[in-house]
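The following blocks contain the structures, represented as structure tokens.
Okay, so chain A shows up in both of these, paired with chain B first and chain C after.
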Partner chain A sequence: MIENLIDVALLVFLVILAITIVRIRDLFAAGMMFAIYSLLSSALFAVLDAGDVALTEAAVGAGISTLLVLACLALVRRYEHPTGGHNLIALIVVLITGALLVYATLDLPEFGAADNPAQVHVGPFYIENTYPDMGIPNMVAAVLASYRSIDTMGEVFVVFAAALAVYALLSVRPHKNMPGVRRRPVKRLKSPRQAEADPPVAGKEQAP
Partner chain B sequence: MTLLGISHYWFVIVLMMLGFYCVIARGNMIKKIMGLNLFQTSVFILFVAAGKVIDGSTPILRDGVEVYANPLPHVIVLTAIVVGVAITATGLALAVRIQEAYGTIEDDHLGDDVDGDDD
Partner chain C sequence: MMDNGILRVVARFIIPYILLVGLYVQFHGEYMPGGGFQAGIVFAAGWILFVLIYGLDRGLEVIPLEVMYRLCAGGALLYAFTGLVGVLLGGKYLEFAPFFESRHAAHQTGIIIVEFGVGLTVATVAMLLFTLFTRRRAEWDEALEQNEDTET
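What follows is the complex of A and B.
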């Protein structure tokens, strides 16, 4: 019961943070809010008995994702362009989807009950056999690296493909002859001193 | 079924719909990626909540503990977190690339003439 109330308090904080992230115009502040959001959700995972997930979310969600957003903000404008009011169609779509999902939750099993379908079918096999099979006490690590190691290898391929995509996207500097590239304002991408030194020929020199 | 027994799912749905709204209604691409992350985190919470057993414990075998949480949702969420970071990195790289080519990352301003842009 007390555990449930802690969950609910954390979830209320998460909802408040999510509303702030959606509404705020300052992208730097939104990035910081997102770091707090990830940290709070990792606290929620810890309360929900998911130790490994909490550690990973704290390191990856709060750490690396925030770093990526900050690195991106160094290259783009800090403030989001204001749009007029709410998007009514989007709001209606979101509300209808949410109402359908709430209707679907009425069929879900009660939270945390020991005889839920998820707890009686495959889960006990790993709880019983991890130590005899692998000899390590951490079931999550055993499933991740041994029982389902092929899945983890696929995940590594996904990360490799993403790294390759990021490299491909950022290694090519745009120039005027590329299709779809218009004359971009060079001044914003350079430091003021650099732009002062060579303002007109900067774009020309970058073209290979 | 009590209200506390189902409230987790409703909070997850609220978070999910906030992320969904952020993705479809916000024009800024960094904001869209943040909305995607909100959505994703809410799915993680749903999965981890499905594996929770009341009075259970973290799935690490030790003496004196009888009831463990289900380890399988945790494994799936671990994989999904890493894939989520890969998606975030790719999306942000695309945003940077679009900024370089178009001078803006706002949806509504992509068609604008760069020369006439006042920012």
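What follows is the complex of A and C.
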């Protein structure tokens, strides 16, 4: 009962955060909201007893992703360009997709039931064989590093490839004759509200 | 942020513990939630906090860029070559069982080496991405300044 209550509270927070992130125009605040979103998801995984996933989500999602987003924000404008009006087609597409997904959840097996595919497929093999095979209690580590070792090697090379891609993009020092350097790429922007509050310099046009 | 006393004192106190937690998650991953990926990120986070407080130049004195390039490739290669050791000893690629007589010891050794490779790559890649992104701003401003100098 209390677990259900925690789940519902966390999920409600997630929905509120998601709506906030969509509505917000300040990208710095949006980055912070994403960090909170990851932290709440991590709490949700912890409630589900998925310790490894919770730790990863907290470290990668809430920690390093936020840092990288902030590092990116040092290079771009802080406020999203305001777009006027509403995109009705997008709303319809999203509503239909959401309705279909909710409809699909009706076919999901009952949460935690003993005859779930997750409980009867390869799960029992790992549960029975991990300790006799390896002598270590953490099955997730055993599956990642030994049973599914080649998958993990692929992941490591994906991480390495990400570093290569960023290196290829950002390692060239900008010099004065590069096309983009001509004009100042990023102004220290004020928020739209501040910009409205500051009156444009009025004296200049009227000056004789 | 060098001049903010509170930040500097708190960071100096907390950075060793962050690095220690990183190592703990790395080498204790078989007994509790954790492993190379998480440990690498936590370790990198400690270094990034150091950079945020003491500046990028001091951070790069601790771990130079050259070392990062080598380690991020080295971690991935350590993983791949550990697999080859299994082949040389008469098993399949990435099979740890032929390492030692004892089945448990062989698997545990293999997992620890492989996870160390993962941690090495993930930590250095996170540091590298952060360095490249933060350095960009300063480089860009420098190029702009040169440009303005030539125009005037």
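As a working rule, the second predicted complex is superposed on the first by the 170 of 208 C-alpha atoms of A that agree within 3 Å, B and C clash if a C-alpha of one lies under 4 Å from a C-alpha of the other, contacts with A are read in each partner's own complex, and residues count from 1 in each chain.
Throughout what follows, a contact is a pair of C-beta atoms (placed from the backbone, for glycine too) under 8 Å apart; a residue touches a chain by one contact, two chains touch by 3 or more.
If you're wondering where the values come from, they're calculated on a predicted model, not measured in any experiment.
Within the superposed three-chain model, A:6 lies out of touch with both chain B and chain C [touch as defined at top]. In the superposed model, A:144 makes contact with both chain B and chain C. In the overlay built on the shared chain, the residue A:30 is in contact with chain B alone; chain C does not reach it. Legend: residue contacts after superposition of the two complexes on their common chain; A:56 is shown touching both chain B and chain C.
When both complexes are overlaid on chain A, the residue A:75 reaches chain B and chain C alike. When the two complexes are overlaid on their common chain A, residue A:152 makes contact with chain B and with chain C alike. Taking chain B and chain C in turn and counting the residues of chain A each one touches, the greater count comes from B.
In the superposed model, A:135 lies in contact with chain C only, and not with chain B.
In the superposition on chain A, A:67 contacts chain C only, with no contact to chain B. In the superposition on chain A, A:16 makes contact with neither chain B nor chain C. With the contact threshold set out at the top, residues 51-52, 56, 60, 64, 68, 71-72, 75, 137-138, 140, 144, 152, 155, 159, 162-163, 166, 170, 173-174, 178, 181-182, 184-185 of chain A are in contact with chain B in one structure and with chain C in the other.
The touching residues of chain A, when paired with chain B in their complex, are 1, 3-4, 7-8, 11-12, 14-15, 18-19, 21-22, 27, 30-31, 34, 37-38, 41, 44-45, 48-53, 56-57, 60-61, 64-65, 68-69, 71-73, 75-77, 80-81, 83, 86-87, 90-91, 93-95, 97-98, 101-102, 105-106, 108, 110-114, 116, 118-119, 122-123, 126-127, 130-131, 137-140, 143-144, 148, 151-152, 155, 158-159, 161-163, 165-166, 169-170, 173-174, 178, 180-185, 188-189.
Listing the residues of chain B that touch chain A in their complex gives 1-2, 4-11, 13-22, 24-28, 30-31, 33-35, 37-38, 41, 44-45, 48-54, 56-62, 67-75, 77-79, 81-90, 92-97, 99-106, 108-109, 114-115, 117, 119.
Only residues 51-52, 54-56, 59-60, 63-64, 67-68, 71-72, 74-75, 133-138, 140-142, 144-146, 149-150, 152-153, 155-157, 159-160, 162-163, 166-167, 170-171, 173-176, 178, 181-182, 184-185 of chain A touch chain C when the two sit together in their complex.
Within the complex, the chain C residues that touch chain A are 25, 29-35, 37-38, 41-42, 44-45, 48, 72-73, 75-76, 79-80, 83, 93-94, 96, 103-104, 107-108, 110-111, 114-115, 117-118, 121-122, 124-126, 128-130, 132-137, 139-140, 143-144, 146-147, 150.
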